[in-house]
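Shared chain: subunit A. Partners: subunit B in the first complex, subunit C in the second.
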Partner chain A sequence: MKSYLTVFRLRLRMELQYRGAMLGGIICQMVFGLILIALYRALYASRPQTMPVESVVTYVWLQQAFFRMLLASDPDLTDKIRTGAISYDLCRPVNLYGFYYFRSLALKMTGSLMRAVPMLLFAAVLPAGWRIGLPSSIPGLILGICALALGLLCVSAIENINMGFTMRTLDSRGVQAMLNLLMTLLCGNILPLTLFPDSWQKVITLLPYAQLLDAPIRLYTGVYALSDAVRVLGVQVFWTILLVFFGTWLWRHNQKRLILQGG
Partner chain B sequence: MSYIQVEHLRKSYVVRKKREKGSLLREKSRIDALSDLSFEIGKGELVGYIGPNGAGKSTTVKILSGILTPDSGNVLVGGRVPWGSRKEYVRHIGVVFGQRMQLWWDVPILDSFSLLRDIYRISETAYQKRLAELTDALQLEDILRTPLRLLSLGQRMRAELCGSLLHRPELLFLDEPTIGLDSISKLALREFLRWENRENGTTILLTTHDMEDIHALCSRVMVLGHGQKLFDGDFSALLSRYDTVRTVLVRFEEETELPGIPSVSVSREGESLKLVYSPKELPTAELLERLRQTGTIREMTIQPQNIDHMIADMYEEMAL
Partner chain C sequence: MDTIKLYIRSMGMLLKSQFQYPASFFMQTLAQLVMEGGEMLALILVIDRFGHLGRWEPGDLFFFFGIMSVTFYLTECFGRGITGAFPSMVRMGQLDTLLIRPRGIVTQVLCSAIDPRRITCIAVGTTALVIGSRLSAVRWTFAKAFLMAEAVSFGFLLILGLFMIEAIFCIHSVKSVELVNAVTYGGRSACQYPATIYPRPLRVLFTAFAPFALVLQVPAGYILDKPLFDWPAWTAFLCPLSGAVLFGVIYMLFQRAMHFYRSTGS
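Our next item is the complex of A and B:
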């Protein structure tokens, strides 16, 4: 267990090495947030929706703040798979899946938290109508944070499954491009899931992608009542366990049929 | 019983080729990387493992380090089957792949080392002792706190080697450890490997194309070709078998035509004549006498055969 924690700590320190990239990411996400909000305000001005616009604004800011959690994948691992340096990791007395699970967890957690804090501060001082809303209640905030933690565990499991496929195809771009599209669409990054037709939402909110950011945001904004919390967290736990199991199986299967080419 | 026992090892790969025009299916071909390979290595030996590219050297190392599962055959290393329980087995071995990296690119190498300490569950006291010993032997003191990406190739190789030896492996696989290193680094590395082998009794299997490495380090050498063992024994015995010709470069005072001498091939190299002969067929003294009769010699050198040429001859003879 200690080795997995060290991996986590080391990845954390690595993330801190590139502060310039972080600053760039924050500015990019801020601009994205502003553009999206301008868009939704224009939409609401011509045709108001059932969902209040303030709620949509909050949704957009939270999505943008934690964006890094979704698409950041470990560039070292894809490199290692391509070049075969992964052979070193196979010579270690550790569980390979666990090793990379913690690496990606550290990457996603530090990456998103370090960006989220300045982003949310920025979003809180904007003029009314553009500004991020307060949580619906204190328990809602706490439950939202719990759900976010579960979302992190879940997204790391998804990441490892992506990598499992990368090991088979040796190229991360194809599979990842497809999965990333699914990810940004189904977790509500492009269009808030709360704006989808109600019948669609019934299905989409049960999919694994909705567990990452949509569920925590809904708990924060109060779209999910406190009485729903147990059910919501339960669905998150269910998906996390299932995806970890599937990923572990996939990696073990890959390891057996693995061929490392060249000297 | 020997430390490493390999019996009738086989491994083949399927290679898919690009589809030919007019045919529907892609052509598949089987390549036998290893066909019926057997050998034994005793504890504390330092063995060189050579052969042309594609001979199956890396495949052997990958099987012995538990990464690949062979198609058939038995392998026991210290009483354990490498691919049997990988996690337990790899605790006892160390690997250095000269062309790949194990340390983390962006963090100081000391941090990468402490990760390895936790991975191998080395106790703090044992770790500190070993680290001090290796830092000293590999002269890493000044670069321990530098991120890997800022190090030169030679420094990186030394750091990699240190990383692979922290957990005191009984067996160390080295796959082209001196590739791309300058002469000083190479010599230092060889000196270190000799030290590690002597002081800690580490069994070392060295795969390389650098014959100087083998010459300097290994008394025993195994030659692999087409997935089979072609030679196993003393390196100097192997060389003496192929060390058959000498090259003479000779320059006369004035332009001279050399009369044909049987069993000597002559070519012109600048102003000199290059003669390749075999001392067995034509004693050197006799050749010198002939040359002296031909004209006044201004300058002359006799060169022994280059190791790489001998190995090339050997590969050629073995039809590799």
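Our next item is the complex of A and C:
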């Protein structure tokens, strides 16, 4: 376990190096947030909905703030798979899946937290109607943070499954690109899941993608009541365990039939 | 004329090389379909929930989405050298080899890449345009068809120009600058919907600085018989020219920036 934590810590430090490049990314993400909110405000102005617009605004800001959690993937690993350098990793006395699971966890956590803090500060000082709302309650906030942590564990498991497929096809731009794009739609980044047709939401909120950001945000805004919390967290834990098991199986299977490219 | 022949020949060669891996190409093209299809699904769901957006009916919204999508992805397809490949050309030092050849830099960069995978995105955009023009019962005339072609071609120049801003930054700082994405991809996201729905700062940004509203949306309003602004009808034919103006200015800035180009040496 200790070696995995070291991998996690090393990756964390590495991510903290690129602070300059981050600033441009943050400003860009803020503009995107403002555009989306302007759009939803205009839509609400022409036809109000049962869910208040403030809730949608909060949803958009939280999605934008933690966007990095979704699509940040390990560029080294893709290269290693293509060049065959992954064979060096096979020599390490650690489980390959665990090694990369904790790397990706660190990458996604630092990447999103470093962006989220300035973004959320910015979103908090905007004029009323544009600013991010306060959490519905203190327990709601705490449960939201717990759910976000579970979402992080879940998204790293999904990432490792994508990588497992890359090992088979050697090309990260086909199936995996498609899975990533499905992710942005089904986790509520393109359009908040709360604005999907109500009948669709019953199914979509149970899919793994909704566990990443949608579930934490709904706990924060109070769309999920506190009495639902056990069920919501339970679904998250269920998917995380299932996806980790599937990923481990896939990686072990891949290792057995691994053919190295090049040398 | 010679330049155009050169461009077409380069495109032919690049296409041939792309089709060498048909399975990979097919999968990537499908992924693009999922991407743009997702965007369109979001629009359909928005229309399903909200019905209309002020004075804009569902058909109008499909039309605005379609004209933006077709123009943007035509640019990404044929202007790939500028919109995608340039930052890595600077970083890897490939730009140096272009400097010793007897052609303009922009020409050579444009000739260096094409992205045929975008064909599915363009198809989605075209579908949206057809749905939009059906739903809004557009009466097509010769003038409207001409205006449509004019808007898309000048839109091409506009988007190419905006991506060249990133190229200019890139020449100075080597690293690609994510900030410019706010007007390129941000502009695409925002101007899938008519610019008049936005508050003043955003409206000014997308009318005066990154004039998507002038180049694409004023003509779209004319075609839909619902003027975007209260301007006389003939302005619809004049407004798209602003795309060429923007491109011209940025082209000059780009040429100046090239004087400061220092190779990364790798």
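Throughout what follows, the second predicted complex is superposed on the first by the 262 of 263 C-alpha atoms of A that agree within 3 Å, B and C clash if a C-alpha of one lies under 4 Å from a C-alpha of the other, contacts with A are read in each partner's own complex, and residues count from 1 in each chain.
The rule we apply is simple: a residue touches a chain if its C-beta (ideal position, glycine included) is under 8 Å from a C-beta of that chain, and two chains touch if they have at least 3 such contacts.
What you are looking at is a predicted structure, and each value in this text was computed from that prediction instead of being measured.
Shared-chain residue A:117: touches no atom of subunit B or subunit C.
Of the two partner chains placed around the shared chain by superposition, subunit B is the only one that A:6 touches, whereas subunit C remains out of contact. In the superposition on chain A, A:93 makes contact with subunit B only, while subunit C stays out of contact range.
With both structures placed on the common chain, the touch criterion links A:49 to subunit C but leaves subunit B unconnected. Shared-chain residue A:185: touches subunit C; no touch with subunit B. Contacts of A:206 after superposition: neither subunit B nor subunit C is touched.
Shared-chain residue A:134: touches no atom of subunit B or subunit C.
Looking at subunit A, you'll find no residue that touches subunit B in one structure and subunit C in the other.
The residues of subunit B lying in touch with subunit A in their complex are 13, 53, 57-58, 62, 65-69, 86-88, 90-91, 93-95, 97, 99-102, 104-107, 111-112, 114-115, 118-121, 147, 175-176. Note for the complex: subunit A touches subunit B at residues 2-3, 5-7, 10, 13-14, 17, 76, 83-85, 87-88, 90-95, 256, 258-260, 262-263. Against subunit A, the residues of subunit C that register as touching in their complex are 24, 27-28, 30-31, 34-35, 38-39, 41-42, 45-46, 48-54, 175, 177-179, 181-182, 186, 189-190, 193, 197-199, 202.
For subunit A in complex with subunit C, the residues that touch the partner chain are 21, 24-25, 27-28, 31-32, 34-36, 38-39, 42-43, 45-47, 49, 171, 173-175, 177-178, 181-182, 184-185, 190-191, 195-197.
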